[in-house]
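What follows is a pair of complexes built around chain A, which joins chain B in one and chain C in the other.
Our next item is the complex of A and B:
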């Protein structure tokens, strides 16, 4: 390693480079440049393309918000995709099938998601079980519950009547609203929900004592415990919030599909983890932040969109995604 | 301490609830006539994670309920080949009178199916094939033929020319490949061109994303052909969000009553092509076999097309070629 060569690069550059936010930004710019080059006959220069990718990444971003809290506390939550599916089914059941008002359906769905998360968190905190295995169990359980509650079928506006025919309801206005675009059709509502979730996480992590506790637990759990941090309670909180955000994502997913699919969100936990890690939050815990996750979400979102508008084939798409994700991470973590 | 008690209590209550519900379902599934049923059929389903396969089981259940002498036991292999193998062996061990298998994949399940067949248990293979001839009857539809019909329908409806977006299922699966090749055969030699194609892995959110890309790139799209109805629905939602859903037609495959047929009825899809589950045909064939009648070893299921014009008449049968 040529250490002398790096020295000549200058102090200011090294300071710049050690800031994780700037490194995440550099990774994002790298991907955007790919888009500028491969712009699919100008499709990349249309605002609609960017608006759509911001809509599409919202659900993953919301999951990643909760995941960030958990990962900062040195945990992992594999259940977010399944809780998303379960929440989508619950919300469809409440609002489409039973016709509940959104003022009842939304809190009930959020409560269900938060309870699932709290169940994981409770087991992890009280019985000191491995987060990986507990949330893996929750992942399987919640998926099963979603299939059971829905009878294995998507819950949509079409309702089967006793004589075998179907009645078609209209989607309630609230769901139409969630699926709509605002600000003169320039921003999807779900994008704004994602930003709101990010803002809540930022408040928690940067402004509240609870946030500092999460960093402390992730940095050194035993030291945190000895200095009086309520480790168990904080872990419970982190997983409950992760469940809550998964339910928010489930509601957004359901509103965009206008149906509750018990299979929704399968595999999404990996995308959420990828977003958090690409942003630069350490999987070992203790370091990172929600701003990084926002940048990570944009990086993944742009990557998928660029491959999609260029109609890249599935095999090449998977390989390129793997390569670009790994390059982005290497690019970020190169430090001396 | 309190939390432990509360958690424990909640788990207990939940367990009781689940158990109660499961028992209720069990009771529903096995009414009194179970004791009088003279024939037990084992149904090995490869994956109930797909709505189409849920429908297959529902069709079998519905058809069997009309025959009090039949009792059907269902097993779901959750998309796991070895689990399905075990299920087939369990059915053989339990001595069912007839076996219906909808296999996950051909090669690994050929041996257990053949073993059952050699023990003189009649086997009906549904939808996907096994290798060789060691089964009583295969019932399935022809994806390629259905996709070809979809291509011809598109050609006729658009007047011989047009710009098409194709949203493909999983191209590593045979249904995906057949639905791709068949459609291309249907529009072959015409002025119709596929301007954008992408894998959506049978999933609606993916279809919506890919369709958004197609819309961003092409100002004129005349028809969207998706390999399944949820894919076509996702494409419709993308076009609707862009205010362009009226400028193009959406066509899907499968035509499940609560999916494709419902979308056609709602005016979302212009057409949905049925990929029949074969559930009721399987029970009809099973009865013939159990009553000692001869059946053909291959039964290709006919398929219907549902359009806005014919949906109230129950669709139109595709012509035999």
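Our next item is the complex of A and C:
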């Protein structure tokens, strides 16, 4: 028996079809086909449409990367949206108001996000509390902290002039850069950041010992503990990384809006969970991967884009998104 | 016995994705008999019974009930025709009362779905009387001991007018008196004309309760006939397909230096501070020795192994020395690093990691070795998994197969492989042969002999006394957390061990 011999031997159509990656791909293709049909008079065939979609989905995708790590360890992180808002406020404070260099502002923001995540992770690991409750508490707490730090105001470059009007100052070059598109204006920088986050998660999950431990904890926590897996440490790591990725997303969000909005990211945790689940990572833990999450992010991104270029109203858009998310999940979890 | 069989399954065949699991199987059951179905794990017993219980409807061959052909589309249909299955894992809902469990899904209802509790209680009482059971009908079923729950499940089947009862290893979690009680009930059901299919791995039970016997091997009938016509040796041969000269391999004991030294180990119950799980236990174990642990349910043997493995953290008091060095593990991870390894008695809940492949299950505990700098080394992992699969004779389609798909014996071997990868000095084995078929059991015994020959110390808990007497070099008996006696091989007899276990001296 060798590494590849068995694969071709056991590969029947049924097995092929149960492969989660292919299912996620099929869901994505289905959405793309819908886009080809309802192409809004050719708008779907323009590269700019796809470029914008990849830019718009990036923030959600970055959150989903961290969420994937947590969900694979059979947890859930509801705080990612709030940590995004908190990080946006911190980053705006550091770079817009205090004028810090990005080399200082970025690590400081990332640290803040990671600390929030680590706080949830610490409680979950050490006191063995339910992730749902702990991260729900962190979600509320981080939102409150964001409002407190910002004084409930959006932090921007605006300066109030003597006559009571506002003048918007110039944003620092680093923020302009985050907002830019590169490669002859073809790819947004935030899209590349999303891909880089995905790559880091892939390295962690597929190539590092820690990734294996996360799968083991998600598959059977007690067995993992008895097998010498450092369960507490790994949970702490997963939530801290989820907080870190939320901070990355917060920085991107702030750069796109050029302001630190304490309300930013409200409800984003649900989009991130939807992306992970549509990709096919099991909420029960132990199964899934970052590739699935990338496909899930594309599926959701295309869906939103197709609805918006066809000028579907918000009410219908929300209802349709709900229906399509449910059908995609039914489609993926059907076992026969 | 009636002339027309209650049930006749003819030329049954079934395959999964091109892999044939059953071929040309014939199985007959008469009213008023106990028919033992035997076979190793993966021989096709469960598949055959699932066909009978209506779980699978796409099979080859015919199923005749009372001489008429029937093909059930669902388990509900099979149940309506009188086929009931008592699963290994009980399917009672622990929070519901006894009577609600008995009528779950078939409640006696009036118009508008209004329940008729009076009638239900009456009938439930009648069914329980049939089993000589006097239970509080309103009590939650989950609060009764396992053995009683099993009987409630039988009452449930009787209330559903079952004529064919399939019992899948019903004795695996029962102690001796409970088993005898279950057998008495089975005999009375037999007299009432029920046909009973009894699945078990234990040879004694087959002869004790069975009228006739069918042995499956690799999806085919390897032997069938009256139990009295099939001597144990022939039965074993039919089960494994090769000659097992003895049930247990010969054991040679060459004790090495003292490996493990335990003095006054005590442990109080973390959930009930008034109770002592272990009370001043002292013993020593040599390198190359199999130290057997015996005792009744709750005697503290499992807790002793877990305490040595750091499952209770720093709670245990007393002195433990491993190779002369003090051993005080604060976690399983820490114990592992010192050379301890612990096979839990519940491989589904505390052993296997679902979602991980066979290779990754095997290398999990030794990952530090296979990825010294955090980066994994897939090739080394593969090589290690393949070599231990060969050494332990793990049968699998492929090393990247999901571990849940393996049969019980092979799953157990995967877990043992995981522990051997850590190069342990002391192997703590809690019921290593539970739910493992005869052939794989024999493999495990031989492996234990090999490991002890290589200098590993094994501490072995098993509820099968013959196994303990045959494998252990010394037997230590525990009673309520205290030492009740130590017997060397040859000195120990079943009577001695049992008496000590029950607290007599």
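Throughout what follows, the second predicted complex is superposed on the first by the 315 of 336 C-alpha atoms of A that agree within 3 Å, B and C clash if a C-alpha of one lies under 4 Å from a C-alpha of the other, contacts with A are read in each partner's own complex, and residues count from 1 in each chain.
Simple rule for what comes next: contacts are C-beta pairs under 8 Å (C-beta built on N, C-alpha and C of every residue); 3 or more make two chains touch, one makes a residue touch a chain.
The shown structure was predicted, so the numbers you read here are calculated from the model rather than taken from an experiment.
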item	value
Clash or fit, chain B versus chain C on superposed chain A	fit
Touched partner set for A:153, first chain B, second chain C, both or neither	first
First (chain B), second (chain C), both or neither touched by A:286	second
Chain B versus chain C as contact partner of A:167, first or second or both or neither	neither
Chain B versus chain C as contact partner of A:52, first or second or both or neither	first
C-alpha centroid angle, chain C to chain B via chain A, nearest 10°	130
Minimum C-alpha separation between chain B and chain C after superposing on chain A, in Å	13
Chain A to chain C touching residues, read off their complex	1, 3, 6-7, 9-10, 12, 14-15, 207-213, 215-216, 218-220, 222-230, 282, 285-287
Complex contact set, residues of chain A against chain B	40-41, 43, 46, 48-49, 52, 56, 119, 122, 126, 147-148, 152-154, 156, 158, 160, 166, 168, 179, 181, 253, 256-258, 261, 263-264, 304-305, 308-309, 311, 313-314, 317
Residue numbers on chain C that touch chain A, as the complex places them	17-18, 309, 311, 331-333, 336-337, 342, 344, 349-356, 360, 364-365, 367-368, 371, 374-376, 382, 386, 397-400, 418, 422
Residue numbers on chain B that touch chain A, as the complex places them	3-4, 7, 21, 48-49, 51, 54, 171, 196-199, 201, 204-205, 208-210, 212-213, 215-217, 234, 237, 241-242, 257-259, 261-262, 265-266
